[in-house]
Structure formats: structure tokens, C-alpha cells
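When the chains are written out, they are named A, B, C and D in that same order, and each has its own residue count from 1.
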């Protein structure tokens, strides 16, 4: 099939290739000193917009791994117009994602009807112990500023 | 002072001390060269941080790390043999340097039977490997050790036969004698005397066989079956750790050094370079030899990072079906040429 | 052949009365006694043994949704055979009663059935008579139970409460009405 | 039969002595061993370096996906299935999606089908590049690994750019591909169509993949030592392979010209021109060659698909809560490792009643106890590696 004609020519071709590569510039990146910018869509970490969340629990229900823990309570809010009725609004007490359990499927981000969850491509949040992989709502909210603009789309 | 230096034993001790210091140091350089060359052949950078620029201190750092590690001996191991094996391997490679001439005078002992001594001392290391393989009480190690033994039987013969051609041509078994023979002009054109190493004086076949057999002797790819990371998980080295592993490791590179030095001396003219006066050779001899050795070491590294590994039975068949008949032909050819010319 | 033709053709070859080709999947129902014989008949036509597995049809369920209408309690053993020329394939199916879950082995016909039958044996507790190796394939030695039976609970879902129950504390005097109906609670 | 094969090998190989009587030794490879790609264990009985019997022990990575699927909804299972064979995550999703779509009676729009096809072929390329590179490593050559993985990284980067995941794309949705997701900048939902520059980058990457295939010919396939190690080693005869369910490139290397991409219309492969490479002998060398040719065919398909990429929607109309009508369907697809299929049994609920996962590697390595008898210890590694299995695909 690919039988070399002259004995040893196959060996010589391989040697030539490695010798050529020896003098080429390696394409590696010197992590952690240099860093690649991850693609905007990369599923690195989930960011939470606390204000947008209405404690509807959809994300916690649709999560395949049951790794989102939400608690909330209702609060009376002053009426939006003077003389209007006071409104009740659900307020978030707890929103934890256990990244030790999360399988980064992104279903929570997709089902969120109020646009409170976002993917951020940040990836440097490994921890020494499994228990500290649980991010509370303050930590999740901090990721929000790392959420990039979505990439431009290919013209159809 | 000069009287002291002329004392045979003092001089010998001094030379041995130099060997014992220089060989490990050079081996470290070769280890670093292997790390870097292999990395760049694979589109990588290799060691980068240790020691600042280029990661030059990586072999030292590795050595320090190995020394700190616990010296583990398996429960079922044959303890004295297990502990002694790395020393046998390291000693056998160091012993070869006794006869390697770095310059006309810089040689520990120029034996008349230097060639025999070098090959005998070099293959002695395989006994250490067999000891390591047997005493580790590990099936992988055992197979690795036995493969090394089988390899020795297959490759010692072509190795010796390949050298015979050179010995016939030089008419001596002394290493310095062989270099001196290569320093003699082959022929003269007018005023220019043409000097050629034995490689270019018809010993091409001998040289190729020697290099192949040398790779097998050193257990380097494509003949690294006794180690074979992917199947035997480092073979006879599996159970070694810490300082004892370091000894094996150092012995591998010291072995590369010693075998390359033998090859450079026998086939490439050793410390001799045409056009230099004997005084200059006395000073530059070690540099010239090291340059030739480095070239051979590069080739060994180059092969390792290009070729896959052969199978034990294929190696045997190459040795017995091809190399030994070829080496014998080479001897006959050299002898006829010697008589006729 | 399209799937319905294939189902009819192969059912005719093995002499089976029942076959289906719903959703493009040809399936032939073989009586338990003729299981091995049917495979032997089909082997020259369908030499490729794709897989063998089983379904536990059960009304008592520890996992998944409860049955809407009762099903006939049985194990259904499926084996998929195919050819490697036109892509014809068929699933052979037979029912094994729950009180005596055993079936003759196919190892003599298709060597590849070996591991698949071992898997089904440990996962469903079906005995394959004459199988050369009955050791566990996946499960550790001494594992009790048959994990793919519907009555086998999934421990990770048993020990942890579902975090999706609505846990919004109502206002004083207000009753919490929307417990777990799946609809998002919009802002008023 | 075993004795016959042993005798044949004894007779054919001069270097093996028959007269020497040696006691059998049990050699245990794995579960932690550099050549078993994870946690496969082989208990081999060896006579010298010759194998007299071998028993693969699997199950160290059994994650019970078939059980887990019974407590999950269909959209949730998508995230599970791309972890079966993680080297080609995207390709695993396709047959499951098509199976559910068939049960629901919907079909993905053409653009979604083309995107699925392009990414599947790229997953095939990345999977085969892993094989092309790691197989020489098992035979002792370390350099091809880095050369091929360098190019695989380009392909993975492209997959990540579209889907957001290098290994676990989780990009397919029932009825198409992921149409939209929360994506920041206050926008409600962001369309997940191909990002700008994807087509041009892919074209370039395909050229580079073809180049690295040429490099692999120089470095591996043309190398006399490699040929010596693999030719005639681990021959799977056609009949034996089919009986054991060996599929994909492993079966094609044995000379079976069969490809589910041609016979089963699960993606619009009929629109493209490509060949089915088949080997002649079914040995390790053929298996290597077939995979290399499949990469070249895959780059061909990707180029054609990019040129013919239709516009339109990314997803068909599907209800918000997905309930699948009762029924049974089996859909198989030509995955890089072989035939991958899902038998979905629905009772009409939000999750399957039973999901049988037919993974290629499981059947592919089930032939090992037969195949390895009479080989030498170094050939265990050569044969094992040439079957190109992933333990996640074996154990599920």
C-alpha cells in the first residue's frame, strides 16, 4: 500500500521531518505567563445577575445534576407610581452553584426566562478542596463583569 | 610537586578523579540536550524556567529531586542484588573511560588490548540490568531484564565484529594507536597530505553496524525493548526510585557518552583533526573529541525521537540474519584490501 | 429494502407472525423457544451482530415516571442484527417471564453475544443458559441487585432532596400556592 | 483452535523455540497501565513472551448512563451522551438527537443538519488524529503524538468557537442545534449561529489537517520499523469481526466496504462525494491506514459542506416542554469509533423509559480474548492500540 521502494527511505523521511521541526518555532503558549483569550462562547463559569433573578426555580429544576440551590422570600415593594398598589416581589436569599457537581451543560442558562444567568469564559477558579467549589450568589455575581459580548455571526 | 605528579599511583588517582567528575557533568549536559532537542522536534519548548535562561538547570533540579525521594525497595525483592545492580551498571560505563584517549597524553591507561577492554567493560552493564530485572520481584522488570539479556547476546557479536575491520586496518588494538593510524596520511597530492578517518577509508559498513549495535547495547530507540514505557512500564527500572534510579539514569547517558567516544575514536579519528600541530592537538584534542561525540549523541537522540520500537524477535532476526553476515563480509573485505593494497 | 419490507422479509424467514416497523425500526417478535433457532436462520443474511439488551417492563418503578396505563410485566430481550452491504437490519425481540427469567445463550451462533449477554445478565438478572462465563462484567464482585431493573432505586437521587421545590416564603397572611408547577413566577 | 494457532505461529516464526518447556506466568496489565487508555485491565497468561489466553476486565469506568437516563429528561440526556466517547463528543449526540426527533416526527432544518454534519466530521478528524498520534507512541515513537495533537488543537478550537466546549459541545437540541442562549451585554437571547470567520478558518484548518496526514505518512506509515511492527499483526478476519460486532474503521480495515454514512440517512451525507477506504488484510497497519484515509475523506466532506452551507433556521418548531410520543426507535450512526446507536423506548413522558446505548468500543474490544491469543507481549500493545477504543465508550 505505502511500501517504500528503497530500503531506509522511510526512515530518512522521518528523520528529515524531525530535523525540520527542530528549527521551527513551537506553537505553544507559555501559560501561566501568557494566556490565550478564550472564545466568547466558551463555557467557563456561570455568572448571575442578581437583580434579574425572580427565584422562579426553573434552572434548579432543569439542572440534570441538581447542583443549583436557591432560596428566596417575598418582599413588599413601594408602588412604582404614587398612589399605586404596593407590589410583592421575590427576593433571592441564596443562589449557590456547586461547581464540583456541575457538568457545564448550560441548560440553566438556556432555560432562564429572565436573562439572569450568563456564560463567562473565565476558567481560573480551581480550588484546593471540593467544598470551596460551591460559589454563592456574591461570587457568581462577580463573574458578571467578565461576560464578553457575543461574537459576530457568519454572514448567511 | 612534579615528582609527586610523576608517581604512577598519584597520577592514576588524579586521572580517575577527573573522569569521575567530568563524566557525570557531561552526562548532565547530554540529558539537557535530550530534553531540549526532543522538545523542539515535537514542537514544544521543553524546560524553560529552572535556572533562568532556557531552563539550563533542569537536569540538576531533576537530580536534586531524585536524591530527595524515598529509596523504595519492594518487599519481595532480593535486597542485596537489588541495591547493588545500579552500581554495577554505573561502574561498567565509567570503566570504559579508562581507555578513551582525549588527547595524545590525556588517557588514564592506554591498554594494548584497549578495544577488547572497552567492549568487555561496556557489556558488563547488562549484568547489572539482569540483576535489576531479576531482583525487583516484578514481572515487568523480569521480562525487561531478560529482554536486555537476549539483546546482549544478539548485539555483542556484531559490535565486536564491526570493530575487527578497524583493528585489521590499524594493526593495533590500542586506542591511541588506532587514532595515530588515522592521523597518518592516506595519500599525498603534491604537497598536500590527505588524512581520512577510518569511516572514509572503507569502514562505512563497519560504522553503520557499530552504530546500530551500539543503540541496542544502550537500550535506546528503536531498540529500547528492555525499557519500553508503553508495554513494560520502564521494564527493569520499574521498581527503582530515588538515588538508585538516578544512577541508572546517569548510567544511560554516561553510556551514550562512552559508546559515542569509542565510535568517534575508532571511526572518526578521535582527538585528531588534520592540519593541527601535535602541540595544538594536545590542547584541543579533548574539544575535537567532544565535538565528534556530540555529533554522535545528537544522532542517537534524533533516532530516539523519530523511530518507533522494534520487537524483540525482529531485533534478533536483524542481528543474526543481516548484521552478523554483513560484519563478517566486512572483515573479509578489509582483510583482502589490507593484503592487496 | 425499507424498514417495513425488511421486517416482513425477516419475519418470514424466521417464521414469526408478529413484526413491526414503527419509526423506521424493524422489529420481529420471536417466541422464547425459537430464540436461538431464529438467530441461526438469520445469520447467513445478517452476519453483523450489533447488540443485545433487555427492557424491564414493570409497573412497580423506583425510577422514572409512574406508568400511565399498566404494562404487561415481563423482560423483553432485544438483539440487533444487520448486514454490511445494504444496511438492512432488524431487532429480534422475545419475552421472558419475570418469575423464570432465563433464555438460551446465543454465544454458539454469534460469538459477540458473549459480553452483551453478560451485561444483560448482571443488569437485569436474566439467566442465559449455557453461557461460558457468568462472572460480572461491569459490577464489582459480590454486588447485590440488578441495577437496570425498574425496581432498583438510583441511590444518588434517593439520598438528596430535589433542590427544585419552590422555597419562596410567602408574605404574612398569604398562602404559598405555586408549589412546583413548573411555571415561572413572573413579576406582578 | 487455540493450539492450532499457536502451532502455526511457532512454525512460522524462527525466533520462537517450541521445545523449551516454560511454566505459564500470569501477567496483569492495568487497570493502571500507560497503554490501556484509561482503566482497562488485561489478565494475560504468558508462556515466555507468548500469550496463551487473555481476559479483559472492564467496568472500572462504568457510570451507569443507561440508568441515569431513566431519571432525566431528553434535553438533560444530551449533556450525558457527549461524555460517552469523549474524544469525539459531538458525534455522540447526533444519533440520540435523530432518534428523539424520529419519535417526535420532526426534522431539523437544512442549515442545522449541515452544521451538525460539519461538526461531526470535525469530531471524526479530531478523534482519528488522536489515534494517528497515540498509536505510534504505544510502539515507542513519541514525536508523532505532538505533531498530530498540534493540528487537533486547531480543530478543537474551531469546535469550541461554535459550541462553547472543546470536548463536550452539548450543542445539539431536539429539532436542530442550539438556537440561542443567554450571552450577555443585556441582550435577551443570543443567536448561536456560526461565528464570523468560522468558514475561512475551517478551510485553512482542513488544509493543515491534510498536511499533517502527509507528515504522518513520512513519520509513521512510511517508516520501515512501524510497518514491520504492524504488518500481519492482529488480523481480524471479516467474518470474525462481524460476528463480534466490530464496526467502523476496524471492520473496514478487514475489507468490508460498509459505511453507515452511505446506508443510513441520519445526516445529509448523500449530498457529498466521498469514498469508503477499505483495507485488505485487517491487520494493525490497515487499521492505521484506513483511519488516515478517513481523515482525508472527512476534510473533503467538510470542504463540500462549507461550500454548500444553506441558510435558514437553526431549529424546527418544538414544544417548550418536550414530551415524546410512546414508541421505540433505534438510530445508529457512523461514529469515529464505529457504529454508535441509541435504542430509545418512550412511554410518552418527558424522559425515556429505557435508553440502550450501543457503543462502538464495547463490541470492538470484545474480540480481544480471541484476537490476542498467540501474539507476543509487545503485540498486545500494538493490537490494543490499533482498535482505537475509549474506556468511556466501553463502559458507558
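In this section, a residue touches a chain if its C-beta (ideal position, glycine included) is under 8 Å from a C-beta of that chain, and two chains touch if they have at least 3 such contacts.
Predicted model only: the values in this text are computed from it and were never measured.
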If you tally C-beta contacts across C-D and across B-D, the winner is C-D
The chain whose mean C-alpha position lies nearest the overall protein Cα centroid is chain D
Top of the farthest list for chain B, CA-centroid basis, is C
Distance between the CA centroids of chain B and chain C (whole Å) is 63
Rounded to the nearest Å, the gap separating the Cα centres of chain C and chain D is 24
Rounded to the nearest Å, the gap separating the Cα centres of chain B and chain D is 44
Here the gap between chain A and chain B, centre to centre from mean Cα coordinates and rounded to Å, is 54
Where chain B touches two or more other chains at once, the residues are 41-44, 305-307
Chain D touches at least 2 other chains through residues 143, 147, 150, 219-220, 223, 225
Multi-partner residues in chain A (2 or more other chains touched) are 11, 14, 17-18, 21, 27, 62
Every touching pair of chains is listed here as A-B, A-C, A-D, B-D, C-D
So, in the complex, the side of chain C touching chain D is made of residues 22-25, 27, 47-51, 53, 55-56, 63-65, 67-68, 78, 80, 84-87, 89, 91, 110-112, 114-115, 123, 136-140, 147-148, 150, 152, 154, 157, 182
Within the complex, chain A is touched by chain B residues 37, 39-45, 48, 302-303, 305-307
The chain A residues in contact with chain B across the complex are 11, 14-15, 17-19, 21-24, 26-28, 30
The chain C residues in contact with chain A across the complex are 160, 162-171, 174, 182, 184-188
Interface with chain B, chain D side, in the complex: residues 13-16, 25, 27-28, 33-35, 49, 136-143, 145-147, 150, 219-220, 223, 225-226, 228-229, 376-381
